[in-house]
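As structure tokens, here come the structures.
Below are two complexes that have chain A in common, paired first with chain B and then with chain C.
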Partner chain A sequence: MNQITESSDSSTDLTTWEIGPYHGSLPAPMRLRLGLDGEIIANCKVETGFLHRGLEKTCELHSWKAVITYADHLDPEVAVYGELVFCLAVEELGDTSVPPRAQSIRLILAELSRLSAHLLYMVRMAKAVGSETIIHYLLRDRERILDLFELLTGARFSLGFLRFGGVKADVTEGFLERVLEVCEMIRIRMKEYNDLFTFNHVFLQRSSFIGTMPASLIRNCGITGPNARASGIVFDVRKSDPYMGYDQLEFEIPVGRGEGGNVGDVHDRFLLRLREMTQSMEILKQLIEKLPTGEFLNEKYEKGFTIPAGEAYSKIESSRGLLGCHVISDGSEFPSRVQFRPPTLANLMAIPQLLQGTRIEDLPVVLASLDLGIAEADR
Partner chain B sequence: VDKNTLVVRLNKIAEGSVLDVRRFGRSDIHSVWIDTQFLSTLAFGLKKDPQLKLDWLENLSVVELDEALMISYFIRSTVTQHSLLMRALVTPPSPDAEVKFPSVCGVWPMAEPHESEASELFGIQFEDPSDSISRGIKHNFLPEGWKGFPLRKSYKFPTEFYGITHYRPFNTLKQDKKLPR
Partner chain C sequence: MMTLENSWVVAWSRALGLPHDIPQWVYALIALICIYCLVVIPSGAILSYLDRKLTADLQARVGPNRTGPVGTLQPVADLFKLLQKESQVRWTWSENLWMGVHSMALYSTLAVMPLGSMALLVDTDMSAFIPFWSALVLALGTMLLGISQNSVPGWFGGIRVAAQTLAGSFPALVALLCVGVRSGSFRWSILGNSQGFAPWSWALVANPFQAVAFIVFVISGLVLLAIPPLDGGLSMSDIHGGVSSHLYGRRLSLFRFGRFYGFFLWSVITVVLFLGGWTLPTTAVEGLRNIEAYRFLAFIELLWLLFKTFILMLLIVWVARVNPRSRVDQIMDFSWKVLSPFSLLALVGASFWAGWRAFI
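Presenting the complex of A and B:
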């Protein structure tokens, strides 16, 4: 595990660098073995697994309901996606209906999580280029979203709010109004972010024309989500396989245009997430305007139920891409198998090719731009 | 693509490769059980088939069923939007032994991290005759010296590891099946 692999390239004398698993330039625990030709990265190998918690095995050892909490830990930054994808799979397995109000509440949480995740992404990008001021502004605004989570669920992280057949509770008093307030605040602040950071010439210099992901690399690695869309690939599970009523909502799928440099470069990936935030706010407004009345939980499934033997596969669009969940039941009180398909696995696979030819000083920026969720990849 | 057309097309790619075709859960997707020896031929054929063009391996999932390991390939076309679930079984010689299985990395490169995971956690050694696996990514899920394959059903949790004692109460909970609903 600790053995350093020497470069197989005998034509030049490469310096071998080993970074990680814990290092300031890395967005998450992982180890990079770099072969350097001067300041240029000639080859790279990635080692992950440092955050492995045995999550899928743990899911097999706990009751169906308890697994919701573990699914929530799939990616602590965006807890609701793990819960949602697992609940969708179990509901398909049990042929469970979800009341329309519960569907909308779930989507409100999902889109708020997307906003929160993209703000955190911007924080990591700002940290990678050394822009301290914007980090404080972004974290200040993200706190407002965490306040909303607390108002609705009682928790700021690890929400544990979804149930089979709905959600744990109805919206609290004043929650919807505050969601709209926060959306309006972020809409105004977006201009501030853009003036201070997005189109700041220093950030443009650090992020344009580097880490370009061609469409062929995206297809070979199976990359989905904002990273794929930034490279011009129009694929979003919310449109291709709509779930929880996304087909009833009007929103656009932004695609990379290469405004700052190349299509699919670091700056394009950053800009795309800003555009996605605008779309998420539009979705939130529509959800709140059209929030159906009625039950928030299918009571039938709360009062004792069994999951029939069988299997199901669900997929959602998380903030990082396609998140899948394959669930198998043998009819007992415990899942026979819970397998997650995290989007970050594909992003990790792209790193060796993506970093080839990159200058060493661009490494933190390129890695931060990929939005790696190592917690979900390592499970 | 309906069931009969699918079977005809698959048998055209590799005669006698299809063992069974079922519906996957409550979905409309076909679950095709295949003979493992035809896996590589079928994978290549499905990707090149002008009608199906199944060019994207969306997910690879493994589960142990009655001492056999079931490998499920969730395949999708980015062109035609067709989806298919392809399945194969492999039985390890003993519960603790590794087993060899053909890799599909040569056809769907995105299978690499999934196969790497399954290799470590299920003890399946994926072999690629074309040697097209880049191995640019390596998982270290298990510490050095860890014995067994944790995601197999027969796996027994160690009671100690390098002198550190482990106590896992949920093992007994699951065996008793006394959890309140």
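Presenting the complex of A and C:
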């Protein structure tokens, strides 16, 4: 009773609810401390670090070439982006050129990863709203992309395929045809999935007008990638700062238009990723049509690889946003410092503000819509 | 009126060699145990198997196929697995109490379950209402069970279930009145026998208002008993199954089976009210009565009723598997703002229809 009279500024006492690190609402291990006013979230504190593996420190303890396999553990869901951003930084530092064919193979892997990551994103959204059937369909299609990874690199996850100055091997026989086949299959099936899920009335009801991220919040937290574009901010590293020959490809950057509800709400973020998948498939078609012939690896740099002292920063557009990598070399055979700038970190910063005023039933949906890759945030 | 003396229980007890001077409550007890063990539990097993196989087919996967021929013994295996699991947490007296209330409210409806023209234990003028009172007591039990768990999921789960039950019971009751207006009574035997074997003689197609009442009745039943896809109170993703988040092993199996029983009961009632119930072709019934094959007739009626019930339940399961779960406030909005007006419209329409027919 005393507490109620003391806190006269607020009309009700808040219920505290602590969830995590493992809970059905959470897309990844993290802890939320929620203050609930009825079913409305009044305040929220986020605690992360449950998946900390000391990745950046580990990178300093291994030779330059070995770090590539650690870099792809940055985010196991989309392994190739960690490798790519690290290779780009090291190549800038060592002034290494990458043959055009290797550049295209890298981009094929990157765009396939984007497709697979966005399919997984849809799976998490479907799980959050409790739609079982679509989950199985999406995972079935994602398996086909993992099959392609296996065909090209021999691994389904954790590819370890990139090398400084190229890639490990040339494309396997029949790989390019199968990429086109899978793209066509996904294009056809997406129409069915849109009927079943994306424009399902119940899903629209569950995802429209909730978790709206205003552009000011995006700017304050430094959010990039699909989440930022869904709120109307046109920024994509592939366009603003092209790497690996993205400037020679024709594709569009989809921006959120708020069809279901507000600009930048959960459904907008969902739709935007669907559009990105269409663009990724366009990019894949163009890459395969004009895949250059020639070397896939710059042999000269593969043998006796040394990195001159200095530092470099590279950035790419991963499936979650701007992924940066800062590499410092002191001229030895180990990196002196490897630092990643994961896009998820900015999203985590936005969560407390974003969740204010959200109902607890919407909590899993809003969190899933942010596409949090906690592995890359905790490192 | 159907009395205990000529009900199927007596025939059974004679067949089992029980003496005639056994008091009536013993007959009633035997009947309840028979219904529970021979109808409800096997239906649960069959339906859980069909549900899993149908869902697996929809979702492009195999489903249970290891236990028994094509996986048919999977429900039995699941039951034994859950029964042998011990609970990790000790319950307080209040949790035990409310779990007891919850189960009692649920299974008190066994006696009023209409399972055929000769299997109506309580066939009174109020029979059709009794399941509703049970549903309300069930919601109370669930709510207090959730609150006594002293956790956020249990608390919200309990409150949501109670709110949903209140929202769903109004349109369901009004839809029930529509059927009563047509048949002239809420007695199971009259409700059932006012329809025939053929689909065009079912209450569903008697007039357009009955069709509206049917749709309202089915959906509001889902709301009332929190059956997927309208089970916001037991949502898995945000509150970990609500009230069931604190249940393990035997208690969880008891709770889950209770939820199934509610679904089953509601579907049986829907079939009896709207979809012809147990009625068979008149010639077949008369033929069987002439050769005094009453037990066989009761059995066939039960099978026909259960067949329609299973079809209805599988259709609902189909919808639930394909669609996302609705949010609990949206469910209640829908129930109050859409189902309730339609149910009132159906009642007014059905009343005028019945009055007009009586006038002519």
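Just so it is clear, the second predicted complex is superposed on the first by the 368 of 379 C-alpha atoms of A that agree within 3 Å, B and C clash if a C-alpha of one lies under 4 Å from a C-alpha of the other, contacts with A are read in each partner's own complex, and residues count from 1 in each chain.
Quick note on the criterion: contacts are C-beta pairs under 8 Å (C-beta built on N, C-alpha and C of every residue); 3 or more make two chains touch, one makes a residue touch a chain.
Every value quoted in this text rests on a predicted model; they were computed, and no experiment measured them.
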item: Side-by-side fit of chain B and chain C on chain A, or clash; value: fit
item: Larger contact residue set on chain A - chain B or chain C; value: B
item: Partner chain in contact with A:140 - chain B first, chain C second, else both or neither; value: second
item: Touched partner set for A:199, first chain B, second chain C, both or neither; value: neither
item: From chain A, separation angle of chain B and chain C (C-alpha centres, steps of 10 degrees); value: 130
item: First, second, both or neither for A:219, with chain B first and chain C second; value: first
item: Touched partner set for A:131, first chain B, second chain C, both or neither; value: second
item: Chain B versus chain C as contact partner of A:341, first or second or both or neither; value: first
item: Which of chain B and chain C A:23 touches, first, second, both or neither; value: second
item: Partner chain in contact with A:360 - chain B first, chain C second, else both or neither; value: second
item: Superposition-derived minimum Cα distance between chain C and chain B (Å); value: 21
item: For the chain A and chain C complex, residues of the former touching the latter; value: 15, 17, 23-25, 36, 39, 126-133, 135-137, 140, 196-197, 200, 202-203, 205-206, 359-364
item: Of all residues in chain A, those that touch chain B in their complex; value: 1, 44-50, 52, 54, 56-57, 61-63, 92-93, 95, 219-222, 235, 240, 304, 310-313, 315, 322, 324, 326, 328, 332-334, 336-337, 339, 341, 345-346, 348-349, 351-353, 378
item: Residues of chain B that touch chain A when the two form their complex; value: 24-27, 55-59, 61-63, 72, 74, 78, 81, 85, 108-110, 112-114, 134-142, 144, 150-151, 155, 170-171, 173-174, 177, 179, 181
item: Contacting residues of chain C [partner chain A, same complex]; value: 55, 58-61, 152, 156, 229, 232, 235-240, 321-330
